[in-house]
Structures are given as structure tokens and as C-alpha cells.
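Same chain, two partners: chain A is paired with chain B first, then with chain C.
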Partner chain A sequence: MDIATHVFSALYQFGDAFAFLVLSACGLAVIFGMMGVINLAHGEFIMCGAYVTAATVHAGLPLPLGILAGTVVSALVGVLVELAVIRHLYDRPLDTIVATWGLSLIATQGTLIMVGSTMAGVGTPFGSFQVGDYSYSIYRIVLFCAALGVLAALYALFNWTRFGVLARATIQVPHMAAALGVDTRLIYSLTFACGAGLAGLAGGLYAPTMTLVPTMGATFIMEAFVTVVIGGADVFLGTAPAGGLLAIVKSGMTSWQGQLFGQIGLLVAVIIVVRVLPKGISGFVLRERT
Partner chain B sequence: MSKSVLRGLRAAALTGTLVLASSLALAAENPIKMGVLEDQSGDFAAATIGKVHAIQLAADEINKAGGIMGRPLELVPYDTQSDNTRYQEFMRRVLQRDKVDVVFAGFSSASREAYRPIVDQFNGFAFYNNQYEGGVCDGHMIVTGAVPEQQFSTLIPYMMEKYGKNVYTLAADYNFGQISAEWVRKIVKENGGKMAGEEFIPLGVSQFSQSIQNIQKAKPDFVVTLLVGTAQASYYEQAASANVNLPMASSVNVGQGYEHKRFKPPSLKDMYVTTNYIEEIDSPKSKEFYAKFKAKFPSEPYVNQEAENSYLAVYLYKQMVERAKSTKREDIRKVIAMGDVCMDAPEGKVCIDPKSQHMSHTIYLAKVGADHSISFPKTWEDIKPYWLGEAGCDLTKKDPMAQYTPSNPPPKP
Partner chain C sequence: MTGFVSFFRRLEGPQTVGRGPAFWSLFAIVLAIGLAYPLFSDGYTVGNTVYFFVWVFIALSLCLIWGYGGSLSFGQTAFFGIAGYGYGVLTLNFGAAYGFTLIAFVAAVAIAALFAVLLGYFMFFGRIAGVFLGIVTLAVTLMLERFMAQTAGPEWHIGSARLNGFNGMSAMPPLTIPWPGEPIVLFADVGLYYFVLGLLVFVYLALRILMNSSFGNVIVAIRENPERAEMLGYDVRKYQLITFVIGAALAGISGVLYTAWGQYITPSSMGMTAAALPLIWVAVGGRSDLTSTVVGTLVVLAAFQALTIYGSQYALVFMGVLLVLTVLIAPNGLVLGAMNWLGRLAARLTRRAS
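And then the complex of A and B:
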């Protein structure tokens, strides 16, 4: 096997791990990293997106529209959750753990009771391609591009738009923003919905590649939390480098010693980063710049 | 974090099961009580809800026909939530507080090994109605599921003859996967084949890109997939979309998790499974069982192997109690020792082997086609669970209450 095959295979595996980490984490990066709400129901927003995507595809919609539907429905559910529960707990961050944990239980068990133990999959589109001795799924490349797209869109949204400026201002100094005439309640709602929608998008994108079961959110949540924790508060400057770093460790260790060591490597990397950079990677980057 | 999520889930489900259990307690005087500890939620629920339904179906039929020795059969079900510690809690509860006569319990081997010491400690009597990695030599247990000498010593030689001698094992990383992989290794070697590679996947892993590439690198003739749980089932879709295109052999797929119904064709194309029952089996007995099941549970997604094991186990228990005229374990084991506890199950005739208290089975080789239809290229009748007995486990003489493996056989006297 020649060098190019090896290089491509390593890049592909890196991209695959990166996409999974970033897409799992970006919704949580908004809700937990930015807003400070420890959202244990993050996995269930992902599950919601996946289920809606699968249901709409079964109903005859093409997959991209199905994913869009999953994203929108998750965002709407996010608005409802924010209005009913989260809104009352912004100054009680520890209580949000209990509240969102309860929500996740209700969502998992409710889905089990109402939809049943499994849902039929939708099948992965696009087929495969060959490089050297290995064949690869084209859809995994789509996922990688989607992860890059989401990161770029988040950067643009929070840095270049009026909503982004208002959202950052509201979260940084809420009373000052309110004094300047910003409807902070609305901004909080919209930001939370944005995070929930991103989680739904992750679910929709992964729905064609996974088993659809009520507990599927649990397979994302560990990766999501560690990426956000070591990323720190900034959505773009945290999630992107954190995803990149963890993806290198995870894909490298997995290719060397298998899945178990991939997971061990991931967690060891997280422990080291948290120890060395308590404010996360974005805290480190931003301090360097100022 | 997922751990704490699970913990709360249990609390919610517990409330539900308590209500259910108390409403069932209305039954007539002096019933025979059967604890049912199966996963009705969590990662394994898809494969195990059918077991609970099969037990309910059998219990209803038996009660309508007059019960066991005139006594009604009362179920005491708890949702074990795919969680080993829940098994231990509920096993203590059914044995100590509910004082059941028999317990039907367990899907994963980890959960069985979690509760088995408690059954031994409180001198209980448990049925494990599930295929597994074999080797449990314990007088407190009856195993109605198939074991490796039934599933692998039929499947692996067939696959090696048909596809080639290079074998790759992809297995779940816990006692079931590890010991099953040991069996595969042993049988491959005995048949002059070679292991192209092995990988063990932690439970709950759902992303397989790298594992898929490792398989392609090893260039096996076929892959033995011993993946467990709904998260790991994501492998098939991902392997198909990466065009791995290798035949697969398994003792757990299709027969438990009905992956051929859940995934879009052709992701399970050329999957070969040895199972003692699946709903596609085309015999009058099987059709009759399937029709009864669907009549009672019309929305059941699939009637799998473990549902049949659970169903026949209730009838076996009835037969043994009636012949022993007692629900005491010692009396029932005297009946088993006679060696003629058999019945006509939906799969065909099955008998309990007195030495190991495991079951003989009809083993069907199920092949999944490109359109996910099932065909049966081969059937083996009356395959006995011979390994434990040959290795030196004889429960009619001695009860070591232990699990053995090919590399750790029973001690020679």
C-alpha cells in the first residue's frame, strides 16, 4: 500500500471523528458553553432531530428536507422548554442540571412508550468510493463538510450579525443589555432555540447512519460534553480546536489499538487539557490575543 | 453523565412497575408466583420486550386452561432497564419480599452474572431464557437459550466451507463477546482456518469507521459479528455504506435484534445466523405460535428467538412442577434428572439435558438476502448442549455454581 492511501485513510478517519465530535457538541456549545445552562437533555434534542428526520423521510420527504424538519422541530421544542423550564432557572445553574435531567428521562421514556422500542432506519445515501485497498462511505465526507459548515455559520452568526452581538451582550451583562433596550428574554429564548436546533441538526445528519432508539442520545452526550468542557466558553474558538484535538487523539488511538483505546485516549486527553487549561482552549486563545 | 441519566430513568420506571405488580396481585388464592426480570427500557429493550410478552402469553394460556396443578400462575414483573445493578436489586426483592417460586431473568450475560450469585445465596430458582456464551454449571439455573456448541459448531464450519478460512471477529467487549470470540477461535482452529483479526467494541459505541477500515485491511473471507445492544447495531448501516461487502456470521443478530427489519436493505445482505427460532420459520407449529402472539400483541415488531425461549420455558416449568407435584427446586431437579423433560416447542422438539440443565434445540441457519428476506439454507435437528457435560459438569452429582469456558474447564476429579 502506498503512502497516499495511508495519508488519505488517516485524514478520513480524522475527519469522521472530528465531524462526530463537532456536530454532537455545537448545540451544547451554545447552550452550555455560552449560556451556562448545563443541559443534560442535550442527547434527547439530538434524538428528537433524528426521529423527526426519519419520520418525515418515511412520510416521503427527501433526506435534506427531513434533516431540515428535524432541526426546526428541535428548535421549536427548545423554545417551549426554554419558556416552560429553563427561563426560571438562569440564576440557579445547578438546578438546571436536575431540571434538564428530568426532561431527558421524560423524553426517553415518553418516546419508548409512544413510538416503541425502535424506529426503522432510513438508509445511508450516496454509496461509497475506493481509495487504494479501502472503500469509504461518501456520506461520511458529507458529515465532515456539514461540521465545517456549521462551525462557519456559527462564527458568522455570533460575530457578524446583529442577533449575534445582542446575544453575546445579553449573556455577558444582561442588565446592561436590558437597559439599552434589548429584549433579553427574547434573546435568551432564541439562543436556546439555536442550540436545540443545532442538536436536532446533529441528530438529523446522523439518523441515516445509526440505530434509531429512544436512548440514542446517550451515545452522543459524553463526546458532546467533553468537547465543550475543554473548548471553553467561545462557540467557534472553543469547539473547533477542541474537536480537532480530540479527533486526532481518538482516531489515532483507535487506529493503533482499537475502539477501547480510542475512548481511553479521548478521556485522558480531556483530563490533561482541563488540568493545564482550566478555562478551556478558547480561554487560552483569547487571553493570548488580548 | 449518561450514567446519572440512566439512574433517574430507573426511578421513573420503578413507579410504573409497582402499580402494575400490585394490580396483578388480585389473582386467586395461593398462586404460583413467577418473577419476571427483563429489560423493558434501555439499550437492550428492543430485543427483550418480546420476552415479557411471550411470558404473559404463556401465563394467560396456562391460566385459561386451569393453571398449574389447579393453581393460577401469577407474574411479578419488574423492568430491569438494561442495568446490571437493577437486576441485583430486583432479584433480592423478588426472592426476599415477593417470595416467588421461580424467576425468569436476564438478557445480557453481564446481567446474568450479576444476579446469579444472589439466586445461589438465597437458594432461588431461575430460568435464563437467552442464547449466550455457554458454560454456566449451576443447579439453581435452567438455561433455555442456545449455546456456542449449538450455534457456532454449526455456523462456523458452514461459513468456512462456503466462503473461506480467514475469519475476522468483531465482538462486544464484555463476558459474552470475549467468551464467544474464544469459541470462534477454537472452532476456526479445529477446522484448519485462521483468524485474520479480532476487535472488541465497548458497549454503547456507535461509530465504526475505523473498525471498518481495520477489517478491510485484514482482508478476511467473512466477519463474525457478535455486536450487542442498539448502539452497536449501527455497524451494519455504516459497513454497508462503506461498501465492505463481506459475508457476516452471527449468533446474536436477526434472532434477537431483528436488524433485517430495522435497517434499510441491503445493509444486512449475506448475514448468516444460527438461531433456534425466528418468526420467519415456516412450520405449522411456528405459524401457530406466531399467530397467537400477534393476536395478543398486534403491534409487536418482531417475534424473536428469546421470545420463543421464554414462551417454551413457561410450559417446561409447568410440566416439571406437575410431574414433581411441588414447586421446590430439589423436587423439580429430581424430575430433570430423569432426563425426559421434553416438549414440542414452536421450533420443534426440545429437551433438558440433566447434566448441565441446558436445552437441546433445533438450529436453523437463517440467511438474509439483499432485500432482507430470510431463507433457511440448512437446519440441524436436535443439537445437544454437549460441551458442559463432556467437559465434566454433572449437576445430577455435584453443583459447583460456576461458569466455565474452553480455556477454563471444570476441574477434573
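And then the complex of A and C:
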């Protein structure tokens, strides 16, 4: 009995950490893996999703529709950003980092000016349940399922749809895809919008669990980057296993020494993995395969 | 006389803009104005100018690593913070007597450099490059900020120095030069001004010599094409590591001077915004040249301060817009573009005159 509750507690914390890592990273991973662009404004897209979700829920919509609205608005903002800025910088990857960082400054400070230093939050739905001596939030379980769902949906999108095939062709040999009649600019726009929308989805899903402040993106961004760095350029072979590995490190260190050591554990894991596998887990897997 | 000329030779080269008598007489005029400036100003304004100068070192470090070396590092503020905290901890424990503040200065910069050796070893010998380098250094910086922000409790202390969590450390002694009779305390006005100005000129000239030496040429070669540099027999990793460590030491100098200037240091000096600002100065100034970095940093800092006074909350938005526009329209930097234009203009005028 006692062992079973401990095991459940460990599994729950692992699932919680896994969901957080995968959901916050997948938008970044799609944009990086497909386009080679690091979007430093990723955290601000998450913030955008969370704010829109909260605003629509306050306006009377049910939470799932609010999350959907957050996702869609983030994706639309993503299209605008791609058209205005990112499009001009594809041949200068380092400059996209700098430019998106500028965007993130504008977004954070702009939100602070327009909306104020905090926004009224949304209550966590579903309540909690009891296992042994501890109570657990049902919503965390929902988040874990959402993370798995997002991974499955991405797999389906990039493997079974026409857009997915064209996108992968564009990523592999851009000029060849263009020669075969693929509108590569449109594909890049849509991919960026997809990544931004995923960030908005993460923001919407986590909106009920945290305080909404303009700098909330920063709480996600380190975990997202760490997962993408360890995972490498492929969402399925990289992000998912990296999320699993890091979730073990994070939940283990957190329950052993507290939140901060969970994050230090992440950082140490990154530095070690990067030293051993410079191209991330997916690079390692793909090299083994060929 | 020949020694003097050969000294100037080593200051000029393909890696730095500005050469010949015209440039150096302009340099001498600017330096003379800088030296005479405190005579025509009050202590408060001079102290404020020192604050600008303090940041130039971290900008130069980013110029070295990013502009010349081609590796974008967000970690400069981490080294800034480490050296700042290092200075605070050392001086709060051992006091300021016998010129110890200067020893603490050197030791704090050395600590930052040592940390850079450790981090740089894992990164460069792990062959991390490009965008990944930026992410890893950013993660390290944010990590350090979070770590320092949670050290509020009394259990977090080094010797007798409390770390004080988010409020940061304060009340460390200012830099003090031991002097027979009475030691000279460099408070944040004229004394510190001359000290920092001297250090700045020294660092600027030393970096010019370094970048125009064969070492500098190899660094630029690695930026342009790492594989080719490697084929030519240079150990790319070693050169990158050395550049990174020199950069970390420069950022550390900034950190120590900042801590000594305001006699406080807080974790937010390592946060996201703090890490973004040097990037903006260097990008707007022109990252691939030392002179344009110095000029750009001073101009943007002065503009930023003016904006914070008159348009307080919009200043950061404006900085973000400035950064995005610079990247889109003038990727080499505004000051560097202006300097190159002036150089071409001067060349055309001299040709017409002859």
C-alpha cells in the first residue's frame, strides 16, 4: 500500500514535469526543427495564449473554447511576425535570435503598459482526488494527456497530411521543393504559425495553473530551450524522448531537494548531454540508423 | 621614435576601422575632452558618466565574442553577475584595508574567467555552435538569476556576507587605492571617473592590438569559415575558448565596476532584460568593430537614459523596436555604417584634392 502510493506520487510528478516540458517545447521544436530558426519570443507567444484564454474565459466562454481562442490568436500573431520580420532573416539564423529577442522585449513591456502588471487568473477546473495521504489535481492529469495528444497530432500532421509531406520536403531540400512547384514561402509561414499556435496552446493550457504576469514567458522558456537543445532538430525522435529524460531528472531532483535543484539538474543534464551528443538525441538516433 | 611608430602600426590593421593620422588625432581630441570633462561638470553628472563607461566593458566583451568570434553568447551578464557578487563577498569579508579592494577586483574577474573556462570547455569542446551556444549560455544566465534570487534566508551566506536573495547585496566598500598617508577612496565621482577612463582606454588599445595580431586574424577566420580554419591547422576549439574567457573577464570587469560604483548588486542584473541590453548596444553600434561598439554603447545608453526619464515605460519598447529595425535594415550596425560612410567620404575628398 505504502509503496504503491509512493510509486503513484513519483509517476504523477514525472507526468507533470513531462507535460510541462513537452508542451512548452513543442512549438519551439517545430519552428527550430523545420526552419532552423530559434524563436526567442517563444515565451511571449505562450504569454499571449494564456492572456487570450483568460480574457475569453472572463468574457463568459467555457475554458476549452478559451484555450482554442488563445491558440488561434497566437498562430495569427505568428503569421504576422513571420511576414514582418522572420521572412527577411532566413539566411541569417543568428540574427533571427537577436530580432526575436527584440520582439520579446516589445511584447513583454507592451503587455505591461497595456494590460497592467497582472491579469485576473482562471480557476483550476476539475478539483482533486486522493491517493494515500496526498491529494492530486485532476487537471494535471489532463495536461499530461494533452501533451501526449499534441505529440500524436503533430505526428499525424507531418506524416499523414499533404501539408506535412510538403513541409518535410521543403525542409529537406528547399530549392528542389520549390522547383517541383511547392510554395516554400507559404510553407514556412504556416510552419511558423503552427509553432506559434502550439506555444499559444501551452499558454492556454497552463493559464488556469499560474499567475498571469507579462514576464510569465520566462518561466517556460528555459525548460523549452533545454528540451529542444537536448532533443535536437526532430520533434518525435528528439523532443519526446528529451522530455521523458528531463522529466525524470527534474521530478527526481525536485522531490529530493526542491524546485531550484530540479532546474539546476536540468541545466547540468543539458551540459552533459550536449558534451556527449552534440546533435541532441535525435541526431544520435538518426546517425545510428544510417 | 621608431618604437612609437611601430606601436601605432600594431594598433591598426584589417580587423579594426580607423587608421592613419586623421583617426588618431580625432582619438586624441576625444580623449582630451574626456580628461577635461570633470573640470566643467559637477560630481553627480560625472558619477553618472562613469555609469555609462562601466557598461562599455561588457559591450566590448560581446563585441569580441559575437562580432569577431561569431558565437552569440547571452552569458555575458552571468559573468557580470559572478564577478559583481565575487567582489561583494570578498570585500565584505576582508574589508578595504591595504588596497584589498584592488585584489578583490582582480580575484572577482578571475573567478568569472574560471567559470568561463569551465562552461566554455563543455560548450566548445562539445562543438556547440551557432544558435545552440546562445541557448545554453542563456539557460546558464537565467539559472544563475533564479539561484541568486532564492538565497534570501540567513543560511545563504559566504563568510560574513549575506547573499540576501532578490534584494541583493549592498554596502560593500568602493575601490580604494592604497597611498602613503591616506588611501584614496574612489567614490562614484571624479576619482572613479579617471580610474575607469584609464582602464577603458587601456582595454580598448589592448583589444585593438589583440585583434590585429595573428590571434585576431585566426578568430575572424574561424567566424568566416570554421572548417577552413581547421583545415589550415588551427585548433578552432582552443581559439574559441580563449576568446570566450577573455570576453568573460571583460564582462567581469564591468560587473566589479558596477558593484563598486553603486555599492550594490542584485540578481536582476543577470535577468532577461539585463542580458538583452548589451546585445542591443552592440548590435546597434556595429558588432564587428571595437570603436563602433564603444561609440554605439555610449550613444544608446545616453538615449535610453533620456527616454527612461521622459517616457519611462516606453523606453524598453523603443529599445526592442530599435533592435529589430537594426537587424532588418542595417545588420552591420548604425554607427559602423556611419563610420564606413565617413571613411569613404574622406577618401574621396583626399583623392579629389590630390
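Convention: the second predicted complex is superposed on the first by the 289 of 290 C-alpha atoms of A that agree within 3 Å, B and C clash if a C-alpha of one lies under 4 Å from a C-alpha of the other, contacts with A are read in each partner's own complex, and residues count from 1 in each chain.
Keep in mind that, in the parts below, a residue touches a chain if its C-beta (ideal position, glycine included) is under 8 Å from a C-beta of that chain, and two chains touch if they have at least 3 such contacts.
Bear in mind the structure is a predicted one, so any value in this text is a computation, not a measurement.
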Fit or clash - chain C, chain B, common chain A: clash
Partner chain(s) touched by A:Leu103 [first = chain B, second = chain C, both, neither]: second
First, second, both or neither for A:Phe225, with chain B first and chain C second: both
Partner chain(s) touched by A:Thr209 [first = chain B, second = chain C, both, neither]: first
First (chain B), second (chain C), both or neither touched by A:Gln263: both
First, second, both or neither for A:Val274, with chain B first and chain C second: second
Touched partner set for A:Pro64, first chain B, second chain C, both or neither: neither
Contacts of A:Gly149 with chain B and chain C, given as first, second, both or neither: neither
Partner chain(s) touched by A:Ala120 [first = chain B, second = chain C, both, neither]: first
Partner, of chain C and chain B, that touches more residues belonging to chain A: B
Chain B versus chain C as contact partner of A:Phe20, first or second or both or neither: first
Residues of chain A at both interfaces, chain B in one complex, chain C in the other: 101-102, 104-106, 108-109, 112, 215, 218, 221-222, 225, 260, 263
Touching residues on chain C, where the partner in the complex is chain A: 70, 72, 119, 122-123, 125-128, 130-132, 134-136, 138-140, 142-143, 146-147, 150, 272-273, 276, 279-280, 283, 313-314, 316-317, 319-324, 327-328, 331
Touching residues on chain B, where the partner in the complex is chain A: 1-2, 4-6, 8-9, 11-13, 41-43, 45-46, 49, 173, 199-202, 204-207, 209-211, 213-214, 216-217, 230-231, 233-234, 237-238, 240-245, 261-264, 267, 299, 301
Residue ranges of chain A touching chain B (in the complex, touch as defined): 9, 12-13, 16-17, 20, 40, 43, 101-102, 104-106, 108-109, 112, 116-124, 126-128, 130, 133-140, 208-216, 218-219, 221-222, 225, 251, 254-255, 258-260, 262-263
Footprint of chain C on chain A - complex, ascending: 32, 36, 38, 85, 88-89, 92-95, 97-99, 101-106, 108-110, 112-113, 215, 218, 221-222, 225-226, 228-229, 260, 263-264, 267, 270-272, 274-276, 278
